[in-house]
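What follows is a single structure, written as structure tokens, with notes after it.
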Amino acid sequence: MMDPDAVHRAVRAALDEDIGAGDLTSRVVVDPAVRTLGQIVARESLVVAGMDVAREVFVQVDESLEFRPRCDEGETLERGECCATVEGTARSILAAERTALNFLQRMCGIATATRRAVALLGGAGVQISGTRKTAPGLRVLDKYAVEVGGGFPHRQGLFDAILIKNNHWRLAGGIARAIETARREMSREGSVFPIEVEAGTIEEVEEAVRAKAEAILLDNMDRATLRAAVVLARGRAFLEVSGGIRAVDLPELALVGVDRISLGSLTHSVRAADLALELRPA
Amino acid sequence: MMDPDAVHRAVRAALDEDIGAGDLTSRVVVDPAVRTLGQIVARESLVVAGMDVAREVFVQVDESLEFRPRCDEGETLERGECCATVEGTARSILAAERTALNFLQRMCGIATATRRAVALLGGAGVQISGTRKTAPGLRVLDKYAVEVGGGFPHRQGLFDAILIKNNHWRLAGGIARAIETARREMSREGSVFPIEVEAGTIEEVEEAVRAKAEAILLDNMDRATLRAAVVLARGRAFLEVSGGIRAVDLPELALVGVDRISLGSLTHSVRAADLALELRPA
Amino acid sequence: MMDPDAVHRAVRAALDEDIGAGDLTSRVVVDPAVRTLGQIVARESLVVAGMDVAREVFVQVDESLEFRPRCDEGETLERGECCATVEGTARSILAAERTALNFLQRMCGIATATRRAVALLGGAGVQISGTRKTAPGLRVLDKYAVEVGGGFPHRQGLFDAILIKNNHWRLAGGIARAIETARREMSREGSVFPIEVEAGTIEEVEEAVRAKAEAILLDNMDRATLRAAVVLARGRAFLEVSGGIRAVDLPELALVGVDRISLGSLTHSVRAADLALELRPA
Amino acid sequence: MMDPDAVHRAVRAALDEDIGAGDLTSRVVVDPAVRTLGQIVARESLVVAGMDVAREVFVQVDESLEFRPRCDEGETLERGECCATVEGTARSILAAERTALNFLQRMCGIATATRRAVALLGGAGVQISGTRKTAPGLRVLDKYAVEVGGGFPHRQGLFDAILIKNNHWRLAGGIARAIETARREMSREGSVFPIEVEAGTIEEVEEAVRAKAEAILLDNMDRATLRAAVVLARGRAFLEVSGGIRAVDLPELALVGVDRISLGSLTHSVRAADLALELRPA
Amino acid sequence: MMDPDAVHRAVRAALDEDIGAGDLTSRVVVDPAVRTLGQIVARESLVVAGMDVAREVFVQVDESLEFRPRCDEGETLERGECCATVEGTARSILAAERTALNFLQRMCGIATATRRAVALLGGAGVQISGTRKTAPGLRVLDKYAVEVGGGFPHRQGLFDAILIKNNHWRLAGGIARAIETARREMSREGSVFPIEVEAGTIEEVEEAVRAKAEAILLDNMDRATLRAAVVLARGRAFLEVSGGIRAVDLPELALVGVDRISLGSLTHSVRAADLALELRPA
Amino acid sequence: MMDPDAVHRAVRAALDEDIGAGDLTSRVVVDPAVRTLGQIVARESLVVAGMDVAREVFVQVDESLEFRPRCDEGETLERGECCATVEGTARSILAAERTALNFLQRMCGIATATRRAVALLGGAGVQISGTRKTAPGLRVLDKYAVEVGGGFPHRQGLFDAILIKNNHWRLAGGIARAIETARREMSREGSVFPIEVEAGTIEEVEEAVRAKAEAILLDNMDRATLRAAVVLARGRAFLEVSGGIRAVDLPELALVGVDRISLGSLTHSVRAADLALELRPA
């Protein structure tokens, strides 16, 4: 479930920037009394995500519009299938169309790419996760779409997990020192977050294992280094891998022995799913 | 130039969702007194866009940070080159890092893709433009990045241009009727926007030309239909083409005789440019 | 100009089949003394062809009817414009109405499609021509309508040109043998027709060029084969292309370098132009 | 069954215009002694109609040709299937080829389009019918092809049914007066044709019902008017609908409650079926 | 000019395998004293290549045979023309016949196909070249025949040019790394070959251009990608195109803007030219 | 089974001409220590032939390479299937690649075409055979590939069968005299080869039958002559047909009543099968 406030705010911002002073074209072309029925149709195979966001768009534009989902979140639609209908005055539907589609195309695109990544792991029991590399302002929606696609959402932001990246531990005097400092500070505060630390070499992995990091982020390693890291650390820390991973690398990575693969591209390089609004006389 | 208010709001929303209650990791790992110098470095060849947005991120996090661009908007950087530095306390820089990069990677990604699209036109004098298919909440930034890349920004939203799409003119009784209605309504209002109308077939193009549309959006036509449309309409209306256009199609499209090519993918399917923040002791 | 005898015969046959023993409805509904004025009105944009045929219909039904064209052959009418009036007794006009419209709708349909095909060539200096694929019994009228639309009429029938199709040359032992035989026979007869030969492959084009055919009909070639044929044969024979050509293919074909494009569909798959007879009190 | 005289005349006229002074090409290319076997082959899926007409063409050209149908009228052929063979001298077969194909392509085209229209009604028990909008001179053949395709032929001409169109009843003082006049005149003559009257508005339908027209032709009505007309008149008159109906409208029209749908396009805007004659050594 | 040693060896190997223990048929049928005159005759239009190889065959079989070419290498012969005569004992000529024809048919076949490919470029100034896809053992002869036909021979083997194919650069860590490595190694060796690198995508072309490859082999690109590659790389590297190119594609390719088209099919899929040896009494 | 010496020699010659002074590209690009795994993959459906030849290529280049076939000779592979792997140093594999593929593409091409020809006979019990029209130097390999494809190899060369072609018997005073001479000579030598004689006319067939030729090669006959020859000679001699036979003629020829069809094109006009070497990290 997405935070309704986050959805409300994102939709508000999107409508403000798209509609502004009003929909010029509908005003001069479309009779205000005309009612219509719109169908949101998949133009390619995709995984549905974001129905609640689409509903919010239509409702914010005109409370009298009736939005009816025709499928569940996470369902796969084939080309030509309808995911929702919306009924009401044509002017309102046309004003909301682009914004609703912009949300849906992004969210379905993320869910679809995530589902595909999960499929490429072939049931090997490895998690796929997103990152914080989301479109600014859309964190909650992007993360949710990753979850709908079967991914693990990972931390929402800087506030809900500890990930000591190399920029951090270099400033703190190394991995061991950074972990030690963090443990001491948490103990002082009375907080108990598990610690994940980024490592890029075998030596750094060894240091993290020795410092008893709960999790290690194996970042940007070549295949041989990665295999060595797994041999050293498996069973001693939760192992996550990231950095420059393409979809085609997943089947091989699934067998390497890590616990999670995080893919920035799921949210930083989204390919929009192809969806369109088709109108019928009401 | 982007509207500073739009930039401020987008950055505010992004920081809120990323930092929230504070940067947990830095708090427990990084000494609040430590200062550092960060370099934002291109890890692949890219076109720079969004320096002002990055600056806004760092400043909103901590007004005392010093952000210094090292290149101009629109400049091409090669792998390894630095586009900006930021100096100040490590905690502040690390808190801002991800958000600043998320903006920059998206904006540089858009500018780079646009620049490449323009290059693929080979100087044929055809415009490349973006569409309203932007990430919700980032319209102003996405459009600006298209402009930096050499594209034409097109209308910002529904409020600043008339584009009668097929959903509009079907409701209005056909292309001719829709245009006639729009002219009558504008005349009544005293407004004088040029009219662009979407056409998907030869017959629709002929109807738009007869109705003296100022511009025609040739949408989703196969190559043969497009050529036929250009032969019939060139010189009688401004011709824009859209729908399912890939980068590799551009050299051929450049010679077809249209005035503008609009590419939804520039902003709805962004590939993030690869940029990283590298820290040095200050 | 159409052969008046051919027009007379075609109209006679059409009236015989439509009126036969007389117009039952008019006889029981319409007062024989009532006179009226009919206007033949375009209900869509069209090119006028066949005024003389329409006149012949009205005159054969009743010599006292006065038929007055209001436009020239080949003129473009917009929706709502009148192409001719006819004045006289209502019974006669109603008896002639359907037959006159059947001729006009077909002929204007052919002329309109031809004009559009010519427009799609964009002034490239390539001829459009019809074929012998006309409605049986209407050859002269169909060919004439093609000419009115700006097309080249091509041969009227088997008697006025030599076109060695593949069925011919296969029977005659190949292209070279067929041409040689034809030249010898013509020389024996003292006739001197230029020879056109059909070719469907590059090899056949090469054979036709070597045998010095005056013209080559490039039939049903894909685009790449057609281009190859033009490179090999241009300047050495008159090049005509036919087979499966759609209107939307014409702009591209116009630039390929052939001399003539023949379109069977102009006359074998006519779309009737929309014309109606509207009566006013005389 | 078509009237054999009508077929004979149509074929005679077609051969006269195509062959005239003789087949120039065959005379100079093809040895008069060569015999061959031709197969008429479907090059797309189609409904067969006109075998008797094709036979008449071959026999009129040369009585010694042996024409053998390989399928029944109304049968559906797939691409590549043979509908008939013809055997005899190559010269005769080639002389007859184009004319035979012109008839067959038109008739099969009509039958195929009619069959498709019938299929689009989905077994709803509504008739499809042709009109008098046939190619001049080919009324009997066009109507027959409609029947082969499963359509209702409707009246052959003005002589065999009463259809009071708006041009008629306007001249006669309105619908009621026209019907009354027609009944009186028929009674005077001793004839008893049922009366069909054209109506374009609800008021005209009401007038026709009150005047007890046996059938009403609901012409060019929009969907809402049509539905209202059916509610008013169903069960009180046979209801026929016409005017601007496209194939895609048929599924919806089938459920509106009319008894017959007449489609001028079946015969005024024929798309030729794709058939070819292929020769084999005899 | 072919290397005479290569010719000698190829002929030797061919005669060994064909004659082996001797020509059984001639020995039991043909009187050893009978002399004859053979004419090698073209049975279709062809380009002559390989006269020296044919001479070598006859001479190796019997030094006393007199072989006399009647045309030049590269000359076009029409069907029925004689390209060479050979005179001597019938037994020797018959023993050599098949081997001589096997060489000539292959070499004339290659030269003819090359000539035709060159013709299909229409004088656009683009080179046609062969590849290393020759019949094993016949490299020198195959390459020579390409040259006779007007083609560019390209490198003889692995030893005389640098072509970094994708198998190479993948092993070397990418295009940029491979070129860099090659330059460094050549500099160490003191050699200075220009570098050609294979690219199959736009991204690879961009990488090759940035790495300043002297030539780029655009391999197996679809037409749109190829045009895009040319727009990006023309003038910055010599551009060669290869992969799945058919003869009929050449006219279009000639205008795309590449410098060379290489056709593996010229030598890996040779169509033998039709030549025969006809004997006359000497 | 191919003669291993022939294979060794052919491979030796091919490597000499391709590698010569060494593989320039690999030397400057590929690290000598890098090992790799190559897969030879079918890029179209094909019949496998020549695995032993490919192995010989890799072994001659570098004895340490491990070549492992993954399918049997004569097996049909679909697009994408792997026929063999080779493992070892990348430099050696790359040096051998083109030569191995040149052999395999030719041999698989021949086997595939032969298999297809056999299939076109539809199980009619007629043999397909190759001829001596092979690539010079590759006789043994070409013949073997024909056999793998299901063809009959026919004589290897002039030394292992008697075939009295028309050039022979014209020199010997006619068919009867030639056969008589051959029998006398063989009897003198003590050899007992069956005699096959070429005939091109009915009279020559009759003469061959009367002279009790064991086999007759019916060369370049038209269909009618061929049928007559079969009626005259069937059951009295083994009948072989050759000359200008295309694949599409085979179904008909299969039913004519001959015993064998020999196709020069199987080996003189080979279309290379599409195979590629794909490298994976070892």
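Here the chain labels run A, B, C, D, E and F in written order, and each chain numbers its own residues starting at 1.
Just so we're on the same page, a residue touches a chain if its C-beta (ideal position, glycine included) is under 8 Å from a C-beta of that chain, and two chains touch if they have at least 3 such contacts.
This one's a predicted model, so the numbers in the text were calculated from it and none came from an experiment.
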(request) Give the fewest steps needed to get from chain A to chain C, where each step moves from one chain to a chain it touches. (result) 2
(request) Please find the path from chain D to chain F through touching chains that uses the fewest steps, and give that number. (result) 3
(message) I'd like to know which chains remain joined to each other by touching when chain C is not counted.
(response) A, B, E, F | D
(request) Determine whether chain B and chain C, two copies of the same sequence, contact each other through the same residue numbers or different ones, counting it as same when over half of the numbers at the interface appear on both sides. (result) different
(message) For the identical-sequence pair chain B and chain F, what's the CA-based rotation angle in degrees, nearest 5?
(response) 175
(request) If you line up contacts by residue number, which pair in A-B, B-E or B-C shares over half of them with E-F? Let me know. (result) A-B
(request) Could you grab the centroid distance between chain A and chain D? Build each centroid from C-alpha atoms only and quote it in angstrom. (result) 60
(message) I'd like to verify one number: the distance from the centre of chain C to the centre of chain F, where each centre is the average of its C-alpha atoms, in whole angstrom.
(response) 56
(request) Give the residues of chain E that touch two or more other chains, as numbers and ranges in rising order. (result) none
(request) Give every touching pair of chains, nothing left out. (result) A-B, B-C, B-E, C-D, C-E, E-F
(request) Using the touch definition up top, name the residues of chain C that touch chain D in the complex. (result) 6, 9-11, 13-14, 17-31, 34, 36, 90, 94-95, 97-99, 101-103, 105-106, 109, 132-140, 156-165, 167-172, 178, 181-182, 185-186, 189, 191, 193, 264-265, 268-272, 277-279
(message) For a test of understanding, state which residues of chain B touch chain C in their complex under the given definition.
(response) 202, 206, 210, 222-225, 227-228, 230-232
(request) Would you tell me which residues of chain E are touching chain C in their complex? (result) 45, 78, 119-122, 246-252
